[in-house]
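The structure under discussion is supplied below as structure tokens; questions concerning it will follow.
Per-chain residue numbering starts at 1, and chain names A, B, C and D are given in the order in which the chains are listed.
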Amino acid sequence: MSIINDRRIKEECGIVGVIACEEKPIAQEIYYGIFALQHRGQESAGIAVSYDGNKVAYYKNMGLVNEVFNEQTLQLLPDSKTGIGHVRYSTTGSSNVTNAQPIVFYGHYDRMAIAHNGNIANAGAIRRMLISKGHIFQTSIDSELIASMININLNGASPVEEGVYKACCQLRGAYSLVLIANKQLIAVRDKHGFRPLILGKKDGKYIVASESCALDAIDADIVRDIEPGEILVINDDLTMHSIFLPEAEKRLCIFEYVYIARSDSIIDGRGVYDARYECGKALAREIKIDADIVAGVPDSATVCAKGYSDFSGIPMVDALSRNRYIGRTFIQPSQSMREVSVKVKLNAFRTNIEGKKLILVDDSIVRGTTSRKVVDLLKRNGAKEVHMVVGSPPIKYPCFYGVDMQTREQFISYNRTNEEIRAEIRADSLYYTSIENLKKACCSKNQKNGFCTACLTGEYPEPVENEFGKLLFE
Amino acid sequence: MSIINDRRIKEECGIVGVIACEEKPIAQEIYYGIFALQHRGQESAGIAVSYDGNKVAYYKNMGLVNEVFNEQTLQLLPDSKTGIGHVRYSTTGSSNVTNAQPIVFYGHYDRMAIAHNGNIANAGAIRRMLISKGHIFQTSIDSELIASMININLNGASPVEEGVYKACCQLRGAYSLVLIANKQLIAVRDKHGFRPLILGKKDGKYIVASESCALDAIDADIVRDIEPGEILVINDDLTMHSIFLPEAEKRLCIFEYVYIARSDSIIDGRGVYDARYECGKALAREIKIDADIVAGVPDSATVCAKGYSDFSGIPMVDALSRNRYIGRTFIQPSQSMREVSVKVKLNAFRTNIEGKKLILVDDSIVRGTTSRKVVDLLKRNGAKEVHMVVGSPPIKYPCFYGVDMQTREQFISYNRTNEEIRAEIRADSLYYTSIENLKKACCSKNQKNGFCTACLTGEYPEPVENEFGKLLFE
Amino acid sequence: MSIINDRRIKEECGIVGVIACEEKPIAQEIYYGIFALQHRGQESAGIAVSYDGNKVAYYKNMGLVNEVFNEQTLQLLPDSKTGIGHVRYSTTGSSNVTNAQPIVFYGHYDRMAIAHNGNIANAGAIRRMLISKGHIFQTSIDSELIASMININLNGASPVEEGVYKACCQLRGAYSLVLIANKQLIAVRDKHGFRPLILGKKDGKYIVASESCALDAIDADIVRDIEPGEILVINDDLTMHSIFLPEAEKRLCIFEYVYIARSDSIIDGRGVYDARYECGKALAREIKIDADIVAGVPDSATVCAKGYSDFSGIPMVDALSRNRYIGRTFIQPSQSMREVSVKVKLNAFRTNIEGKKLILVDDSIVRGTTSRKVVDLLKRNGAKEVHMVVGSPPIKYPCFYGVDMQTREQFISYNRTNEEIRAEIRADSLYYTSIENLKKACCSKNQKNGFCTACLTGEYPEPVENEFGKLLFE
Amino acid sequence: MSIINDRRIKEECGIVGVIACEEKPIAQEIYYGIFALQHRGQESAGIAVSYDGNKVAYYKNMGLVNEVFNEQTLQLLPDSKTGIGHVRYSTTGSSNVTNAQPIVFYGHYDRMAIAHNGNIANAGAIRRMLISKGHIFQTSIDSELIASMININLNGASPVEEGVYKACCQLRGAYSLVLIANKQLIAVRDKHGFRPLILGKKDGKYIVASESCALDAIDADIVRDIEPGEILVINDDLTMHSIFLPEAEKRLCIFEYVYIARSDSIIDGRGVYDARYECGKALAREIKIDADIVAGVPDSATVCAKGYSDFSGIPMVDALSRNRYIGRTFIQPSQSMREVSVKVKLNAFRTNIEGKKLILVDDSIVRGTTSRKVVDLLKRNGAKEVHMVVGSPPIKYPCFYGVDMQTREQFISYNRTNEEIRAEIRADSLYYTSIENLKKACCSKNQKNGFCTACLTGEYPEPVENEFGKLLFE
């Protein structure tokens, strides 16, 4: 998924948790951690830290991390032993600060706070069940529901993990969680491990984060991935223990490798960069195209393109330039200027492509509208042929596990043949990666986990209720 | 309570509810309604309106009504049949937008919204009970608790008022409520009727508001006061019915007449202006002072002063000028300028008071620090004598019913004789209104209600738990 | 001019200047000073202070003084020996921060800053002249023009007052100025003295302000009024000297007494409160009305009403209540609610006026639209008769000296007889103060100054060029 | 200049001008134009458009283009025939909205507006001269000075270009200008052509912009570069003519190619991408290093690295990942976290570099502090050797022509040998591009222009006055 359609597919969130053996300015480290995860969500950002035992100070607001936090707002957060942070994806309309995370709440352990990445597949049923028991909800986000479920399953005397365990047994779908309660940091990854979660360490602190790049940003060392189904409890003397949910098939979202994660992250033992590069090589191995040059759609498809180029021997060039200030908010041009929009984001290097047969590598195609514009842009700048090579298979089914994909009708691959898609985007040819090759590319050496490929195959790891669609897209 | 100490005593809130027989821009009317109730709370303001059946749109923020709402934010609220509004008092420190009202929540009737004026005396016990049952709270305000209690006592099929009735039977303390749910507007006044609540009517609409001045502001006619213990349900065809809580002693907060309410409001049949005026006359009847002139501390004590002047025949003058831009936020002067602060707010008319024996009427004295400054200001501007006459009895006990009075130790009347207080504020003499005279002044012709005078007598209408203090002042 | 039409007539500005014998936090004192002058302008506020010799730090923005300045923004201003402050009136449309004052500029004495109250009558001619010489202007306000004129008339070696003197000889119209340059504070009042300006003193500091209420607010003592035509130069050792412009007729704007100034100010030796009170008495002396009660339109006309009541013996009552949160910004109601607007601002005390013949005192009538609404409001609340008594003569001519009065066509007095006006506002009778009586009321004991009554008589103290209107109202 | 030190060297500004044959929403196109030039300045943004003849509407504020402009602020700007836009670089401290551009002013042609990229070398002398003639300045930026100079040299009857011509004859230094006045758009490039300026065309409009990428963004076609010394006047019937300043040596700033301009721009006929690529090839031709891989510091040095790789045959890898949300505002870590900062911005791909001898290409080195951190980062991630190759010669002299370079003492190249620099940044070897090779790489085929290389050689194209340094860095 490249910049040109990064408003189409969105990962839900990024999370960070920190626990220190003494009170430290951990809000700073959480700040750098969520800043490193900014690519996972640009709508809102928030940090919550404990103080004075079970009190919690927090600040959250709409905006990018460095818009929400400045010296003034960061100083609102006292030195602390435990804290969590969150970035949330951007949508239009229903986005407001009420839905920002972390969710801070009063429960059995006085003040608690939770941050969540993922999507609860049976959220509707659980909400109805809880409301029927008299509970109220003040937001439309799953995280408030998880907080309620944990608290319901706690009672004053029992350890936090007991409530978490019981709650998780009732939750379906994708959730990586960090929770602060009872002076502990609890990290949870759902039994399928849909979303990544990793543990790091730095002088007198443990850090949990969605991706390893957040650990790097604060100079922490990787300890290990949180296992699917693991509930990890870390105490403020830095001792820790884990309990595990009933075992289940491992199903890491394969699109974490395709475009969600940052290329410098390592997820479940596999480097994202390497996965993309291998995918490009696999494509070159299978697909022989008579072309002069290879180029990737910046930024996310350049690694895949490089793999293709290196294996095929067809030289790689920079075909497209990307405006690096494209961000969260951008005024949509009026009707008369609509056609301009691709060039605001992407421009072509004419001298590199003029008269050339070009292989254009993109990581995925969702709606196809921008693919068509890019092909057109390249041809108007002199490319003789444009062959589109896609680093993932066609997307055909909606995601219920945390990626904001459109309804089926919006996918260009829905009810269209390969040839029809090619014609639609006006490429000279079109090739997708096979599911097998993609899986192979994403496998680590000692691969323990399988992948969730439901959006490609329609085979959901868990039964999907009717309501899901409604809830997901309401 | 005059301007000079209006940061000392604060009423909790003002509320407005509107229901119309068809979709109309009622957010506008709620806006004018809460603007008219601005004196009841300057911290935050909010409006929630229903749309599309049981959806709710809302906007709330920190600030005065005309800071929070402008054309842009008001337009966020669609035409609607039901809506409520709220203004909240200003404190320092813990004030944040999370605590702003209305509270909008998902419950048995999908989206519901509630606004609350008052203070739940057994909030602590109820919170603990609900948390022990697994409920969570996201704010520290009573209104969230009331929302939970109502929803717990509802079930899908039962009418909203049933849940409200059952919830109210468990709540102690002061609460006037407006609630939108199930396309109805529900207005509730606790069984003692601590806080006012009045019903008005205007072409195709019913309006409920804390004070009649809000009805005037939107040109609605007064229908009647909501009765203590009444749960009034208005449907969107403008039919209505009431159910009643178990009967109890009527205990309207007498300080509503003394300084909380706007002087042009009529509460439980008694005009606030008239009550203050009568109080001034009663003071003049009892207290004979050898003086040349009478003056009131602007703005709230001028009516009482006029009553005193008219009865005693001692002419009334303007002794003090008030800066009418004094508002919610004002930079406190640094140490070196601290003594200046009274003159920033109040100035003296030297030509009116020079060489005169002056009776200064204030409506109440809480801490006494500013009374002392005002006496000093008048003397420095030539007043020969300053006799302080107070339109209420000494305040000696904390309030648990919605007025943010300080702990007992902060009252100047705590453990001090009248003479000690007089010496402290450096007046030449000091007189308070008796409780009997104040009650008489505040009685309407067909008085049905008694008054809560707990802050004067320590006789609380309901047993006070130990925890109250902690909860109230946490 | 009462609250109900305070968007109709606007004074241009209020100014404050401070000079201290050593570096002190004078920005604080300027803050309190302009806060006390807030009634003279609610559009923008600003403070500039010198530091490091001839550098100047400043902060200005749109909004009320306590919106523009908070602890953070006030701390941007270092301790200083000289500083000035300004508040500016509110208009719609063309108001923006570029036009906020003080104007800070680089000139002969490096950084200088100026603040201005008034209106330069020949601004158009001077602007054209300066532009033709190649000067540019970045704002549409006179103050930038005055700054240019002063700098043009300086040269590096000459004292600041020389440049000021020469500039003033070319300026026509109304201007009270404070200027910081060359470590001096210079205060200037135009030769007619249209606008007030007063000198005060406080431990180690001199303060210059538009009105004495600003001196009171910072606990400074009044020294004396700045004379019409005086250029007062104060050095940072607190020595001072004055030079004078060519003598001219004294013409203080009489509307300063009628409604512009705060009632606790003393201008040119005459208390504003006293002038208004005397005006009320004079009205009672001349105009005998068969009525039961007298009332003033709050806030500004209550003093005049009291004078009327005290002289006539007809008792004064509170007929109208004013919402004291009416401020700078207020959403105009949509068409359907337009008629509501008066009651949002003013409400009637029915019990005080029901069945009564009422004399309603207002300080002035400009357009008359709100007078009509108030009369209507009183009658709907039971007043049997409403006799309007106005504390000033009919306004018939535009002002070119700093009051933002409408064009002639907008005055209700324009081309209408007294009877026509009465019918228009639907009062039972209508009386104006005579010019003679108003002048007498505004005279101090040792009256040296005459008054500008051009808006009443059309006799402008200086010839009025055609362009004026265009410039004033552009 | 790569991301890691992009707070060290800053280009002054980017400008856009548009003229249309009829009133159109050109503010939108200016918006996209300056958005494409965002890399030239991130401090403030502004747009001014003419309307109603010679009136000008404008909006400018601190922040990135998409922070300053949203639908609301963009709608403040009416349809228009002429308009200009500006982005300004970011500094700390003295940055405030007063210094934002365009400068809008009243002059001979009523309202005019100007936007400027560059630095006037004799600004101090001109300011003193103008102030001595009585002119005042309200900002500390050159553009106000240019506006004054143009207006001084105009008189009502003469064409705008006459004033511009005369003004330019007195200005020294670097200036590319766009000006709207008298319904014309005037574009000016100083006689040396220090800064780029290019003319484009699109249906019924001409566009002038700092770089061709801005033309691309609005789908305009390149017409030609504005010539050094050219004053181009375009009328609103789209006729145009040029006059020329006295001829001088062409001296385009060579750092426009090195790192200032966007790689997809074409300046004076030479593609920036191509120049960087050729530079990399030239480096490879001269410098033979025994290494396994080549990598560039993202983003700006990757093109140069690719040139090196392609010529040398040493394979290029991605060694560093850049956080693409690094922007204008970023909280500096506290002392204890200072060492973290590079990894917040850049991370290493260990698998790509482990055990490898690495050639790291950067485009320039200014202070060297971050170069050292990057070398360290790479070595800690397993690089066996790091050979630094720099795409430009050592910077040794300050720039007086619009690039905010530090004083000489801050350059790592100042008074240090190559070996000393290498040791300082802890690289295994260090190579710079020679001036000759850099010039060759930046030459277009029909090269007419020379280059300004003053920062490399100290040979300034114009005599440098003592005051320059003071003015530049004040």
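Everything below uses one rule, namely that contacts are C-beta pairs under 8 Å (C-beta built on N, C-alpha and C of every residue); 3 or more make two chains touch, one makes a residue touch a chain.
Bear in mind that the values here come from a model prediction, so they are computed numbers and not experimental data.
Here the chain-to-chain distance from subunit A to subunit C, counted in touching steps, is 2.
Chains that touch both subunit B and subunit C are absent from this assembly. The most distant chain from subunit B is D, comparing centres defined as mean Cα coordinates.
If each chain is reduced to the centroid of its CA atoms, subunit A and subunit B end up 49 Å from each other.
Subunit B and subunit D have Cα centroids separated by 60 Å.
The geometric centre of subunit A is 35 Å away from that of subunit D, both derived from CA atoms. Counting partner chains per residue, subunit C has no residue touching two or more of them.
Taken in their complex, subunit C has these residues touching subunit B: 25, 28-29, 31-32, 35-36, 38-39, 64-67, 69-71, 74, 213, 216-219, 262-264, 271, 273-274, 299, 303, 306, 310, 315, 318, 321, 323-325, 327, 329-331, 333-334, 336-337, 339-340, 343-344, 347-349, 351-352. Within the complex formed with subunit C, the residues of subunit D that make contact are 97, 103-108, 127, 131-138, 140, 144, 147-148, 151-156.
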